[in-house]
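So, here's a batch of structures to check.
Each of the two complexes below includes chain A, the first together with chain B, the second together with chain C.
What follows is the complex of A and B.
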């Protein structure tokens, strides 16, 4: 197998990212944008839309993360609950080890470990949460976005048990008591239902970008991954990217540029 | 026949009253939970959303299908010694299915929306099937037990139309474990549960701990009312428990081998957390080893013929088996499944007093049903015996 220049540079880059560069081919393949794209998206479906996100972890700073989380949570009336184990979160900041626990043992470089990773619902192509919900309160839109009907949810928490990313939150308390500001544009929730990131479908339907993408000021890419000409498809193809737990076959639509 | 439930000695009414008090306490905490929030009343958190209550589903669904171990030999193999135990087993199953179903109901954040499950039937959700198999099993056992008992009451043989329902109930019994196991065994990313041995484990643990619980209660019944299921029935049932329990322990060993020989962290970490602690947390180590020790005690007492045939040691063995499986399925199965969380972090879970009381109240509802149904059954059998005795004289 011949190695062209671009491929060589990518290997070199990976060696830099992962300590000594001792990285088996399989794991290396997983990082190459075009390969990841082929694995997660496949051929794509022409004429169809599948929204996806690519987070540029190289450029994201702590301030960016704070601003992004604030923008999302404020707009969607996400309660600010002090107890971290019972909090509601749609998008949050975490470490490399927590975002990619299966890669943590691969000796990631100091630099990679010091970066901030924004975690949110992956809007999987094969969403386990949708499969398990007994009342179809969580379902997938034709454009791939996994949404939640707060008025149908029975609060059985099966979706939270099923989600391999811990991306869903349950209202353990009266959420309205923990709201500092109320955005009348988006419904507040009641106690005893599950909620999560909705990829701002309400904004996409109006032709706007999600709040987090807007607040990221170019450090988060968003678009239709089925469109080979789209910016998102291009940046993923050209970079080293990771998706969370690809081995589970859920086909996450949130990509991390490393 | 219902009138028998309303006539009883003071002991009967005191027991009923105790159960009602427990139910009232549990109901209070359940109402409190829905008033203040699950976060205030229960120990559940975002990384462990199914705790004590779904654990009770896993255990009591097993107790429910124990009836199969009595009904099957009786009807299919003409195992006469189970004659007097059959109706008791079916009524026991009714109570235990109610416990299973209520254990799911009490975890719902929006219980008033429970009928959404029927309003929007979802064939790709296992909960949908669990509801179908559990409610069908409830209906079948109530129908079969009641009709057979009514025939006894009228001193006739049960009607022939019942036969298909009896066979249906026998075939249906194992489905309630399998479907309940499928709730958890098909979830990607939960290594502790993602194993094909999960459904067989549910079956084996159910067919050992279920009859063991039934046997303890039947022997207690003998002490309290003099209603004797017969020495032969006890003997046969204890053998069934022994074999099923050995198979159950083997399945657990298979699981341990697969996890630790492969060394895949997702599969080993929950076991390490439960049995020796992980990331500085060891909340459940005592329980895990207690389950192992109880299992070994139960196994030893069951395998040695002398202790199995002695009623006192048999009761001890059965209690050990029930407690061992209860810790394993009622507590550790859920805790291990959720720990460590998807980010690889151990977030400990401690059920609160209120949470446990809600679960205990659910048991009490089940045992209230069993008490009333068994009271009716025992009264029918005993009044029949009286008639036979008088005729004989």
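What follows is the complex of A and C.
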């Protein structure tokens, strides 16, 4: 049966409308922790490790956020650059509109809107930055952490463009000149490389928790999300949970308890 | 030979010009570089001879193990285990890159860029002083 142009366009248009309509309903309404978990993690792989973080935004105060950011940036020698467009940040706080732009139109409550949200690299299961890096400077470890290898980075900024969460920063200046405190146990970076949160993999390798989790004093949960018995899996299942931009399919591993 | 009065002096000038570095350094042989060895610790992770010849290979191996493979332990020649880290293992003994690494590297004109990012213990004080002077 031949199909004429007019008919084809009609069918294409209708299926497009229907398709996006269904997807958007499914993606945006989901908020129950167990459903988010099923969507992002799926079945999970038994015996494997996938580090994830759950931030309890109900209990985090502004002072907590400041303390957490300070702890991370101080330990990792993150330079303190006053120019906002050229600043380097591993973890920072932002508004609801910036954290969950597609949900801001769904009319969330005043209280939810006024909370501060801690944003950081989501260590996606499906990381876009890793796919675009031309020199494999950024890669995913077997435990899911997306690492940046500064030895290889050529500073092309493809990953910054690709990352939908804005969690990567470029070193426009020599970072050593902007250090407020120097931690001699950890290197700084050099001008011309991209840096970001690394989930403190160097601490995880030694059996310690990330700095932010330690500084949050129980308000941030951290653990292996493939382990159904783990505390993190339990808190995500039992609460209302948001992840950033789930419709992009990157499967972020940072969950926000709301 | 045509123009020998110009060609021969020309050749002589050319030879002198190209061997100038040799003539300038004649007789003034520079002393062999002497990197400052740590005083408290006598044994490195591998033997002295191995470290002298292959330290760059070891450092590259460590770099790949720590970052790309996530392995942080290294078993040395003496059977001891070490944490793989430039700043937390190597530089606990070799406290200054200027007094240790750079002395030979400058002599042989190699310029590794480790210190663009990594911070030597002796550099910490310098950075702090620099910060205080600028703020």
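Rule of thumb we're sticking to: the second predicted complex is superposed on the first by the 229 of 258 C-alpha atoms of A that agree within 3 Å, B and C clash if a C-alpha of one lies under 4 Å from a C-alpha of the other, contacts with A are read in each partner's own complex, and residues count from 1 in each chain.
The definition used in the following text is that a residue touches a chain if its C-beta (ideal position, glycine included) is under 8 Å from a C-beta of that chain, and two chains touch if they have at least 3 such contacts.
What you see is a predicted model; the values in this text were computed from it and never measured.
A.B. asks: May I ask you to decide whether A:229 touches chain B, chain C, both, or neither, giving the answer as first, second, both or neither?
C.D. replies: Neither chain B nor chain C is touched by A:229.
A.B. asks: In the superposed arrangement, does A:161 touch chain B (first), chain C (second), both or neither?
C.D. replies: The answer is first: A:161 touches chain B but not chain C.
A.B. asks: Quick one: classify A:128 as touching chain B (first), chain C (second), both or neither.
C.D. replies: After superposition on chain A, A:128 lies in contact with chain B alone.
A.B. asks: If you tally the residues of chain A touched by each partner, is the higher count for chain B or for chain C?
C.D. replies: B
A.B. asks: If we overlay the two complexes on their shared chain A, which of chain B and chain C does A:205 touch? Say first, second, both or neither.
C.D. replies: second
A.B. asks: In the superposed arrangement, which partner chain does A:185 touch: chain B (first), chain C (second), both, or neither?
C.D. replies: The answer is second: A:185 touches chain C but not chain B.
A.B. asks: Could you say whether A:63 touches chain B, chain C, both of them, or neither, answering first, second, both or neither?
C.D. replies: Neither partner.
A.B. asks: Could you look at A:77 and tell me whether it touches chain B, chain C, both or neither (first, second, both, neither)?
C.D. replies: After superposition on chain A, A:77 lies in contact with chain C alone.
A.B. asks: With the touch criterion stated at the top, can you tell me which chain A residues are shared between the chain B interface and the chain C interface?
C.D. replies: 190-191
A.B. asks: Hey, which residues of chain A end up touching chain B in the complex?
C.D. replies: Those residues of chain A that touch chain B are 81, 83, 85-87, 94, 97-99, 101, 104, 128, 131-137, 152-158, 160-166, 169-174, 190-194, 245, 248-250.
A.B. asks: Which positions of chain B touch chain A when the two form their complex?
C.D. replies: The touching residues are 34, 37-40, 44-47, 49-50, 104, 107-111, 113-114, 116-117, 119-120, 122, 124-128, 131, 183-184, 187-190, 337-338, 341-345, 347.
A.B. asks: What residues of chain A sit close enough to touch chain C in their complex?
C.D. replies: Counting only chain A, the residues touching chain C are 77, 139, 141-143, 147, 149-151, 176-177, 179-180, 182, 184-191, 201-202, 205-206.
A.B. asks: Please name which positions on chain C make contact with chain A in the complex.
C.D. replies: Residues 63, 66-68, 70, 72, 86-88, 113, 116-119, 121, 124, 127-128, 130-131, 134.
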